[in-house]
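Note that subunit A is present in both complexes that follow, paired respectively with subunit B and with subunit C.
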Partner chain A sequence: MNAPTYNFAYLDEQTKRMIRRAILKAIAIPGYQVPFASREMPMPYGWGTGGVQVTAAILGPKDVLKVIDQGSDDTTNAISIRKFFAKTAGVETTTSTDAATVIQTRHRIPEAPLRAGQVLVYQVPIPEPLRFLEPRETETRRMHALAEYGLMHVKLYEDIARFGHIATSYAYPVKVNARYVMDPSPTPKFDNPKMDNCPALQLFGAGREKRIYAIPPYTSVVSLDFEDHPFTRYKFDAPCALCGAEDSYLDEIVTDNKGSRMFVCSDTDYCEGRQAAGHRGTESVAPHKEAAHG
Partner chain B sequence: MVEVTGPSDQPLLVADGLTKSYGRLAACRDVSFALYPGEVLAIVGESGSGKSTLLQMLSAQLAPSGGRVSYRMRDGVLRDLAQLGEAERRFLFRTDWGYVHQDPAQGLRMAVSAGANVGERLMAVGWNNYGRIRQTASSWLERVEIDIARIDDAPRTYSGGMRQRLQIARNLVTEPRLVFMDEPTGGLDVSVQARLLDLMRSLVNELGLAAIVVTHDLAVARLLSHRVMVMKEGRVIETGLTDQVLDDPREPYTQLLVSSILPP
Partner chain C sequence: MYVAVKGGERAIENAHRLLAHERRGDRDVPELSLSQISEQLGLAVDRVMSEGSLYDRELAALAIKQARGDLIEAIFLVRAFRATLPRFGTTEPVDTGAMRVQRRVSSTFKDIPGGQVLGPTFDYTHRLLDPGLAQGGDPEAPALAETSDVPMPRVTDILGRDGLIEPSPAAETDAPVGDLTRDPLSFPAGRDLRLQNLARGDEGFLLALGYSTQRGYGRNHPFAGEIRFGEVEVEFVAEEIGFAVPLGSIELTECQMVNQFKGSATEPPCFTRGYGLAFGQSERKTMSMALVDRALRARELGEDLIAPAQDEEFVMSHSDNVQATGFVEHLKLPHYVDFQSELGLLRKLRQEFAEANAAPALKEAAE
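And then the complex of A and B:
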């Protein structure tokens, strides 16, 4: 095979150095968006070019990489990014949260608790939490600099006025280290509490918007709310149909053309792990057989 | 009719030799005055006479080429605005000051509800209780005569007069001591203007606000202000009590201005 030979992890060393500098600055100022010279990557914007550049910059030969997309290890985006690094860096890949040292994610934080030494890399589409309220970049930067975050509450106020509760269910704004308000990328707000005081390092890369930001290990991350409308985690009223978990984030899966549906863990690794440990849900008796629905 | 009320022996805002020039063009030349608490000052003059430039300098949005503006902070200390840090200046702007734009779209967030527009300043100073914010917002809407049922509608669905009243409510919610108004009745029809002026006059009296109103409409000056400054080509050519200036103008230009209004 005459495959082209890449530098380790695709990017050249100078580019990785530039990205690492941005990452170091981001870690030094938790929640602050550091501009960086984002490169063209061999994938379209919106598919994780920011996350891939961050991963490429921090990956070492001994790292074990896991990539998830909406919690799942086996969707197109996750598989192709995993293959990309298997090919360009030759690193070991895994689907196990526990075995991974670097986890690149789109939308979800794994259900299994992260530990010190792991790095969680988020793919971020729009890093600016104030963007849809204040279109001027010069103004949002000034607002961050002066910590003028009243506008963020205007958004939450609008939610309550319109829906009776804070209806923002993903990209829910958080305050990092009691200073910067940050958009946690489109993770469901279910995952927000996991960011708080997390032992793992969390890095956020936005390729199109050319920004990197970070939450260092053991940093306080507080979801914004009102005294009389406190932050609540999304609650599901059913357990996972495959593993019976009651504390995980569920995906709704339509199973036929008659509107039948089942709810299963979005984190496939977590769900498989529980099933292997003997946990069962309502539909897990014969997972490969088409279940008969009413 | 004019009487300055309250303990107003110390000026709230002092302008001293304010000048703004763009190259050889002097937009504003050597303007000095003092504004006392509870006093309403109208700045009148034709387009291009430097009224708006002056207002922008007074509200610290534009740095003067010469001279300075001092403001008495809530702690009673008179401070030079140019010496304030940006954070302090912006804080002043959204707490102790109000700024009513001629075009409400500039002063409002057109896409968020009226309630949030009024509540924004409260949230910016750290109010964190939805119920209280909403209650305060609705009492202000009531005060500016906007139907409470429309509290959740965005101002883009409002009429021109309602937008202007909403803008006033949004500015007054933090109980500022000084409000800047740039042609507040511009672009409104006469009956709506009259209602708005009436409202502004009662609010100013009730709250003991000091205000600086820029207008080319002498009727607005007559109704709202205690004192008038007439500007022409960047200079103040005449200043005095409103009735005195408008009924017995001294300068030929002011006489021309006054005589150009149709008699009622």
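And then the complex of A and C:
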């Protein structure tokens, strides 16, 4: 039998070169979706294969990797991907946003500001912001080429006409470098302002859809809106119950069968950092700890 | 409890340990060997090789065992392994006309040179559960006959001699073969990429699409010109040697559908082709593939594009079961960050609705 052996960070060097070329092109044309020959990865499509391929292509032996899902380092899929790179690349891993050189994320941008030299790798399920308005790739590529984004503005307008608000709360479309409308991946719109003029390089990988796109450092990223309905960030009613933060995105946790709830930071590293620095909320411990098995 | 989605490192390990335990099942029952799977569940192995795009019976059997018989999971395992293999080049086109045929049927002619050969088939069996098989035991040895040296030309070649069917496009030996696993797909795609996509495509998806063409959604009046299954030689031209050397032989099923004619003021009418090819014995797959291949040629043949099976982007974007299962099943992953922002928005909208409707509510109550 052909017993398999694997290269550093899993992918072979030819594949990494192909992905790096796509990344370079993506950086050169901010917000443009570059097709790439996505490989089958040993985790399922839709579970971060795009992000994993981008990370595998840029990772060097001296990198320090952080992986988050829903803002947290200890969600199952984040653990699974972090272990994958610890095993196949042997790189140092961390949960600290500050200590990481490469951060792979699903659905969140860390609360702590990113700095120059860091790379934030997003896992993207549907890279095409126009997809739910126009299902055909042939059409949407043409619309991007002509910067024909009227359809998106009509959609946002219809939201306002129907609900009184733009009814998009995550994967909120942005315009990058005043040219391409881009899907920020399903991050809550709360995170959109962090993408603008960010010192870190932001890379987006969509494995199943075979697309890579990028926001180079210090690039303008504007959330689409109207003058009379400006983009607003979602604001929580209460601070984090554990660290008292008033500026972070919160998870709502149902604590009993009577509908009691508490709100805690979705970014676990940020929350723990604040608690270590002496900040306290109304509760002392998270309500659920992992049940211990033998 | 689902809350272990956070802080799940040990939960993952234990879940995988339990999975391995469940895969093994009752330890008093003898464990399945790879050769048992490969020999006795041969059609499952064929499907995993076809849709996994890797001709290796042993690895396919291992994948089936590891996947507990879940064939899409097994296909996924094989694909992920295949993606890491280096490429040495492409083989010469296989000659299915020179196939050592085990089965070969045509529904268009009663008799054909080389004859109709039923071979191992479920066709004409009565689907009655066989209690004898539950007991086990060796079946009767197969009936034997003298091997015949009569060549078995493809039925489409017989039609082609009289110009009754469109010629197959000749291979452009200098042009590289498209490979959608190495180059990102763009539309419109060439027929080579369409056929590769269909060959890797999910059997159930292609079956449903092929069936839909028969029921009028892009009807193309097919006849099963020929279905053949058997062994073909695979040859590879090594640069250093300069000529083709045989690498071995593989089992293939080929289906050539003969479909309604095309013609024009300048060209006489002739039948058109739909083509299906798969590893191993995979008749349902190749027949479905041939129907869909023909349906996808609608634009080329100047037919109206009205049905899903004719829609290249729709078919090719959704045929891959590894992609499809990954994305459908990713809904199991936590989405609570997005859900939280939807909750927040919904609460806000409901509150505004309640405020706006506070007065009219009385009127509604009165009605």
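By definition in this document, the second predicted complex is superposed on the first by the 279 of 294 C-alpha atoms of A that agree within 3 Å, B and C clash if a C-alpha of one lies under 4 Å from a C-alpha of the other, contacts with A are read in each partner's own complex, and residues count from 1 in each chain.
Please note the rule applied: contacts are C-beta pairs under 8 Å (C-beta built on N, C-alpha and C of every residue); 3 or more make two chains touch, one makes a residue touch a chain.
The structure presented is a predicted model; accordingly, all values stated were derived computationally and were not measured.
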{"item": "Partner contacting more residues of subunit A (subunit B vs subunit C)", "value": "C"}
{"item": "Touched partner set for A:G46, first subunit B, second subunit C, both or neither", "value": "second"}
{"item": "Partner chain(s) touched by A:G278 [first = subunit B, second = subunit C, both, neither]", "value": "neither"}
{"item": "Partner chain in contact with A:H229 - subunit B first, subunit C second, else both or neither", "value": "first"}
{"item": "Subunit B versus subunit C as contact partner of A:G259, first or second or both or neither", "value": "neither"}
{"item": "Partner chain in contact with A:S169 - subunit B first, subunit C second, else both or neither", "value": "second"}
{"item": "First, second, both or neither for A:L151, with subunit B first and subunit C second", "value": "first"}
{"item": "Subunit A - residues contacting subunit B, complex", "value": "133, 142, 146, 148, 150-151, 153-154, 157-158, 160-162, 226-229"}
{"item": "Contact set on subunit A toward subunit C in their complex", "value": "1-2, 4, 6-7, 10-12, 35-42, 44-47, 49, 69-72, 74-77, 79-80, 106-108, 125, 136-138, 163-165, 167, 169-171, 186-190, 208, 210, 234, 236, 249-252, 266, 288-293"}
{"item": "Residue numbers on subunit C that touch subunit A, as the complex places them", "value": "1, 3-12, 14, 56, 58-59, 62, 76, 79-84, 86, 181-188, 313, 317, 322-323, 325-330, 333-338, 340-345, 348-349, 352"}
{"item": "Residue ranges of subunit B touching subunit A (in the complex, touch as defined)", "value": "86-87, 90, 109, 112-113, 115-116, 119-125, 128-131, 133-134, 151-152"}
